[in-house]
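Chain nomenclature is as follows: A, B, C and D, assigned in order of appearance, with residue numbering initiated at 1 for each chain independently.
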Amino acid sequence: MDVIVNLAPQAGQMLLVLLLAPLLTGFVRIVKARLLRRRGPPLLQPYRDLLRLLRKEAVLAENASWLFRCAPYLIFAGTWVAAALIPTFGTGLMFSWSADLIAITALLGSARFFLALAGMDVGTSFGGIGSSREVMIATFAEPAMIMIVFTLALIAGSTQLSTIAGFMLSGGVGLRVSLGLALVALTMVAIAENARIPIDNPATHLELTMVHEAMVLEYSGRHLAMIELSAMLKLLLYVSLIACVFTPWGLAPDGAGPIPHFIGIGAYFLKLAVAGTLLAIFETSIAKMRVFRVPEFLGAALMLGLLAALLRFMSRSF
Amino acid sequence: MMPPAMTLPIILFSVCGFLGLAVMAVALGSSRRATPVLYGGASIVSLVALIASLIQLVAGGHVTPGLTLPMGVPWIGVHFRLDALSSFFVAVIDLGAAVASLYAIGYGRHEHEPLRVLPFYPAFLAGMNLVVLAGDAFTFLVSWEFMSLSSWALVMAHHRDPGNIRAGYIYLLTASFGTLCLLLAFGLMAGPAGGYTFETIRTAHYSGWVAALVLALVLLGAGSKAGLVPLHVWLPLAHPAAPSHVSALMSGVMTKVAVYAFIRVVFDLLGEPSWWSSMVVLALGGVTAVLGVLYALIQQDIKRLLAYSTVENIGIIYIGLGLALAFQANGVTAGTALALTAVLLHVLNHSLFKSLLFFGAGAVLSATGERDMDRLGGLIHRMPVTAFTFLVGSVAISALPPLNGFVSEWMTFQAILLSPNLPQWGLKFMIPAVGALLALSAALAAACFVRGFGITFLGRPRAQAAAQARETDRFSQSAMLLLALLCLLAGILPGVVIDALAPVIQSLIGGRMPLQGNVPWLSIVPIAASRSSYNGLLVFLFIAASAWIAALAIHRFASHAVRRSAAWDCGYPDPSPLTQYSAGSFSQPIRRIYGATIFEARERIEMPAPGDTGPARFRVDLKDLVWDWLYAPIAGIVNFTAGRLNHLQFLTIRRYLSLVFVALIVLLLVLAIWM
Amino acid sequence: MTALPVDAVAAVLLIPIGAAALLAVLPSYRLSARLNVLATFLTLLAALSLLAVRPAPGQFLLIDDLNVVFIVLNTLVGFTTSVFSATYIAHEIEVGRLTPASLRFYHAMYQVMMFGMNLALVSNNIGVMWVAIELATLTTVMMVGIYRTPQALEAAWKYFILGSVGIALALFGTILVYMAARPVVGEGLDGMTWTILVRNVAAFDPALLNVAFVFLLLGYGTKVGLAPLHAWLPDAHAEGPTPISAVLSGLLLNVALYALLRFKILLAAAPGVIAPGPLMVTMGLTSLIFAAFMLYRRRDIKRMFAYSSIEHMGIIAFAFGMGGPLANFAGLLHMTMHSLTKSAIFFAVGHISQIKGTQKIAEIRGLTVTHPVLGWGLVLGVMAITGMPPLGIFMSEFLVVSSTFAREPLLAIPLVLGLLVAFGALLLRLGTVAFGEPLGSTAPAEASYVPMFAHLALVFVAGIYLPGPVVVWFQHVASQLG
Amino acid sequence: MDQFAFDVAHLLAGGLVLISLTMLYQDRLSALIRVFALHAVVLALSVAWQAAIQHAPHLYITAAIALLFKAIIIPVSLLRIMKQLGVHREIDTVVGIGPTMLAGIGLIALSMVVMLRVTAESDPLAREDLAFALSVVLLGLLMMVTRRNVVSQVIGFMSLENGLILAATGAKGMPLVVEISVAFSVLIAFIVIGIFLFRIRERFDTVDVQALERLRGEDP
């Protein structure tokens, strides 16, 4: 019985993120369109796209290997598991101790590893270009992320997300320089990781500077659906991560009853809406970078993260 | 079950067995049956030693009585002892040896001149075992250099390639340099009276500068063998030159023997470290990790890529060692235990996946005759088992969950997060910076192996040899599958390994990590559950279950139709496989970003004039700055001095007499002045 | 001459001199080669018997811990070299580089040289010792020039002139020692008898002993081949017949060093004299580093190994100069190991240059492919000489370097650098000579492998196990050397 | 040891040093050879004097060898060789006569310092003799290294050897002196014959470096 009670938030969380991910993407698209004075697609358009893709047959290149066919599921699984471990509406996730923040970062790394491999499988020049740039971006984004994790861990005394969130919720933190730096850095990493403007443009094809879309060019049908879903999950994941660390208000504490959980879910929706809007505003107000400007952008994130960690190493009061 | 007291003799008998095999190899000559018999024998012998060492390890921190043979330096004798640390390294060595021998039963058949490999291979194994068993400085150094020498012979096995002769030369020279450094270190510790046994050395007390000097010398000595930047130059030359199963052992196991030497001297013999020594080790480790992987990223030769990746992993290990030193200097036992456990875990892990990867590279090499990645591609179709195991190795070495490489790096990160309490300001700057380097190297490693696996196994074949490759033999396959399985097991059950390592740590520093066997659900908890925990098994099951459920659901409820067609490629498919991304083009972004300063990378494009039908050319010039700034000047100095002194060979007799005369006058003057 | 014991000591001296007389008149070179082997073998047996029964020291002859090892080593290498020489000479006759007449001379000279060296080792009189060493030197001069080529004559001439100056300096030193002894032990033979000298040396004029040692160091040091007195050595090794190169490196250098050691013991027992140590350390280091760099530009394989001998003599002189039980022990061990190893190398090199018809390093390649036994023998030899374990020289280098570093760290650093530089040079050449695509003749070797591998086996065994009696001797001598 | 004997020995030994210096001063070969003959004569006198005062008749043999061999046979044969080989009559010096002389004086001073300081308690005859002998030895060596011409080098070596004989005979009761002097005579004979037979003038010293490199079998 205990297990079921404990399992409920966890299972709910997994389903919730899965269901919400396309919604968030759709929401951002709508807001962006509105900001551009367009009507934009309906809010539920991502769901439709996914369903349509799922129904279609998958077209594989002649020399695509088993890796090409397995990769979408692995990518999806890795992202989903990572997303399932981030407190969205409550900190009492049953399996949160099975992977801490470092492990979550690494899980996303695993997903990216397979995505990049899949891009190279068919042996086209577009796939190669995408993979090559993706890993290049990752070489900055991952260390930056680790540095952010360091900062958070040093503040909260733990790398467990639930503990961090609980600590932030307790209110003993106050405003800290290192925390601010970490927030900025994390936002930059999140933008890069999700292939948003100014790093990449999720809405274009056939542009030489594209990264993510170039990798998945050979995918179709259900495989493409899984990859699209993973990308949406990832966006949601980062938004949730920022939300749970920096705006932990409303999170249901461990072992709380259903009421706080419902409050938590409500708060979560609100946070997502705010974040989505902010993202859309940011994306419409900035131009895309050349690909070799990306290292500078992410290098800045890395330096901010390192600075934050250094400050924390120097003194507890930063 | 044999009693632990018997383990040392059993391992020593195994060493004798190796030496016997070496003699047998000479006796068997070029008989066709020699290869399977010898490798089979080596496999069995190493298995025996492995089991013995595991028993010793499981029996706990119990130190077996040492063994002294009346050999070596007469008044000291040859000492052997097997404590927990030695047992662990014997286990690592003989695990690697057993699997490599198994692999070589099949792989060894491709050898053209087996007599250049067979006698030295068991001798090499014997040498590595002896190093970790040695209980006095002389035995240690003899075994150490014997190990270098036998591996040198293996590097020279394919001597008709002039590059290999050069590789062997640089290798043995660096190895000798390292041995001499260790010799000096031991000489300093033993003192003028020559107390060379480890017991004597351990009881002695060393003043500050002696300890500092010893540490510096051991860093040079063990570091040159391990491949610490800037002493790494031999490694990417020598490791790929040897036959692949030997490369696997050199990279996966021999570098670990060097780590053993460092741990033995610094943590066991030398006593209390000083905090600034950890700064040096940390800095070297961080630089090594990043530089190693950056070098790896620009290699085209798959074996050289793996060799440079070894440099990177040695860097990670030394970061861990530096952390352990920093904690120990400040008496933070829990931190020392965590960092050292991370080190030993990474030692084990790296020996597993690096052997696996070299086996894969060897399989590719024997199937295609190519090491150049730009002439490979598409092998996943023709060599599925090799491709699969290589993929497992690649994921593991990229420190990605749920495989084993991640666990040790995760623990190193945890150790870093423990360090803000250390009082020294230098460490407060150094440790976060090194942490960033560690994270950077992990990310670069992933990029490196996406490239390594992707270019070699994925895409379309870039040359005829790759298109006609055939899967490797059963023995090699089973060796690779075994290692892949071990990578997975070590990744999902790290708690078991950590508990097995506890006696090693206990005996070294008098403390240990908390017992992991009690933690529910097989998680690992380095310090406290509220602080951090990781559960490889659950992560693995989670991923497997999610992927499986997703696949099942989609195939059940949605389409499972598949149609094969030509590649889409945005509508511009090109039939030539040369239009694929190559090894060079894949690393271009990273080369541009990091390489401009570190390698002085310069790209040059030569376009033909309009109307000219000649091809355009693109060239990249890379420089190895370590070589240019450190080794080339040394070679230049030696060469210059040799050239200058060489005039003395061509003097006339009168001038030679003048030399004698001058010597006489100088000596008489010395007498006249000083008497 | 009354104290001369009519036993093994006499045999060690009389067999060579008798054989020399016989060989000088024997026309058949095959027979004389065999006789040569037989004589050296008998001498070896006689020397071995000295291990068991040691005669009391006489006025002229002396057997003690120090020289008994050298006598056995000397006769052993003399014997194995004569075995090697038989095969080598047969080939030289075949290709016509030597005539039967010159061979008669060669064999007789070989025995005279053995006599000279044995006499130098067993004599109890520093004057006799001087005479004996000069005798051995002059015979080797003859043999170096035996090929009569311009190069050989030039080498012999250089050797002769430099040797003569060395002779003169050593004599002056000997006279000075006598002068120092005369007021104490009286006139006549006693003033040159080593056992008496060493007993009374405490009363000698220390300053005179100092000057004497300078001259002895330079005089005998010329024979040892210490830089900058080495000039004769490389050419003499390169241009003479290879058996002579082997004997030169393996034995004659040792004998000269032995003489130096005798005087060092003398000085060690005298209070108030300068320490001979710093002088020997300086010359040893100079030789080591100089020879190490010279190795790089060598094109001739025999000359290269001759320079390697200079290097090792430098190490040995360094070790004895450092003194102390560890370093002295190491020096003695190194002397023994070096003479065994270096002669083994010259055996290999001799056959190699005969097969390939050249001594030029650039023209010899891939030996392990064409002649595996010789090639791997050479590899083993070079590994031994460069101090790779588990071969004997490693142990001595281990002891020298480690004990030096513990006492005088600043001295150990040039030592280690020299070792490394020399190792680099030898390994560089070995890489092309023994490995790579073969070059040159692939004719099957008519070689006698037994001497070479016997030496290497001894070196190998010594590297991992030193028999108790040898250790006791060495330790005793080491304590005498101070 | 009466004063007179001491003085005569001293005088003769000093005379040897003086003649050694005179040899350094020579710039013509024939003159050098003649001065050397004088050197040998003075040595013979000195040895004979030692024989007389030490009552060591065997030293007369040494004196006789010195007189016969070095004062007569060698100079005569050297003059003949010179004629046959057509050696330059001028001595080819490395450094000028003046600096050589200065160096010679320095060497004498050095040997005095070394010897006189160190053998204070030894008997004075031997001590003075040794100091002079050392000077002669060093001057001989100096001659060998500052003269390019082979004949003058041989003469340098012989004067060096004269210094040795002087020392050996001065050491009272030293055994083997005669044997040593005989051995050295043989050695010198070898050298002279060597020059004569092999005409290795250019091997002994040459200005033609190329020839030398060819002979070494090695390139620099």
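Note that a contact is a pair of C-beta atoms (placed from the backbone, for glycine too) under 8 Å apart; a residue touches a chain by one contact, two chains touch by 3 or more.
In this text, all values refer to a predicted model and were calculated from it rather than measured experimentally.
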From subunit C, the most remote chain by mean C-alpha position: A
Chain with minimal offset from the mean of all protein Cα atoms: B
Computed distance of Cα centres, subunit B from subunit A, in Å: 35
Inter-centroid spacing, subunit D versus subunit C (mean Cα positions, whole Å): 31
For subunit A paired with subunit D, centre-to-centre distance based on mean C-alpha positions, whole Å: 98
Interchain centroid distance [CA atoms averaged], subunit B/subunit C, Å: 44
Multi-partner residues of subunit A (at least 2 other chains): none
Contacts with 2+ other chains: residues of subunit B: 646, 649, 653, 657, 660, 664, 668, 671, 675
Numbers and ranges of subunit D residues touching at least 2 other chains: 114, 117-118, 141, 144, 203-204, 216, 218, 220
Pairwise chain contacts under the document criterion: A-B, B-C, B-D, C-D
Residues on subunit B engaged by subunit C in the complex (per definition of touch): 70-75, 78, 137-138, 141-143, 145-146, 149, 156, 159-160, 162, 165-166, 168-169, 172-173, 176-177, 180, 183-184, 186-188, 190-192, 194, 196, 213, 638-639, 641-643, 645-646, 648-649, 651, 653, 656-657, 659-660, 662-664, 667-668, 671, 674-675
Complex interface listing, subunit C residues touching subunit D: 127-128, 131, 134, 138, 150-151, 153-154, 157-158, 160-161, 164-165, 167-168, 171-172, 175-176, 178-180, 182-183, 186-189, 191-192, 205, 207-208, 210-211, 235, 238, 297-300, 303, 359-360
Subunit D-touching residues of subunit B, taken from the complex the two chains share: 646-647, 649-650, 652-655, 657-658, 660-661, 664-665, 668-669, 671-672, 675
Residues of subunit D touching subunit B in the complex: 94, 107, 110-111, 113-114, 117-118, 138, 141-142, 144-145, 147-148, 153, 203-206, 209, 212-213, 216, 218, 220
Sites on subunit D touched by subunit C in the complex: 114-115, 117-119, 121-123, 126, 130, 133-134, 137, 141, 144, 157, 160-161, 163-164, 167-168, 171-176, 179-180, 183-184, 187, 190-191, 194, 198, 200, 203-204, 215-220
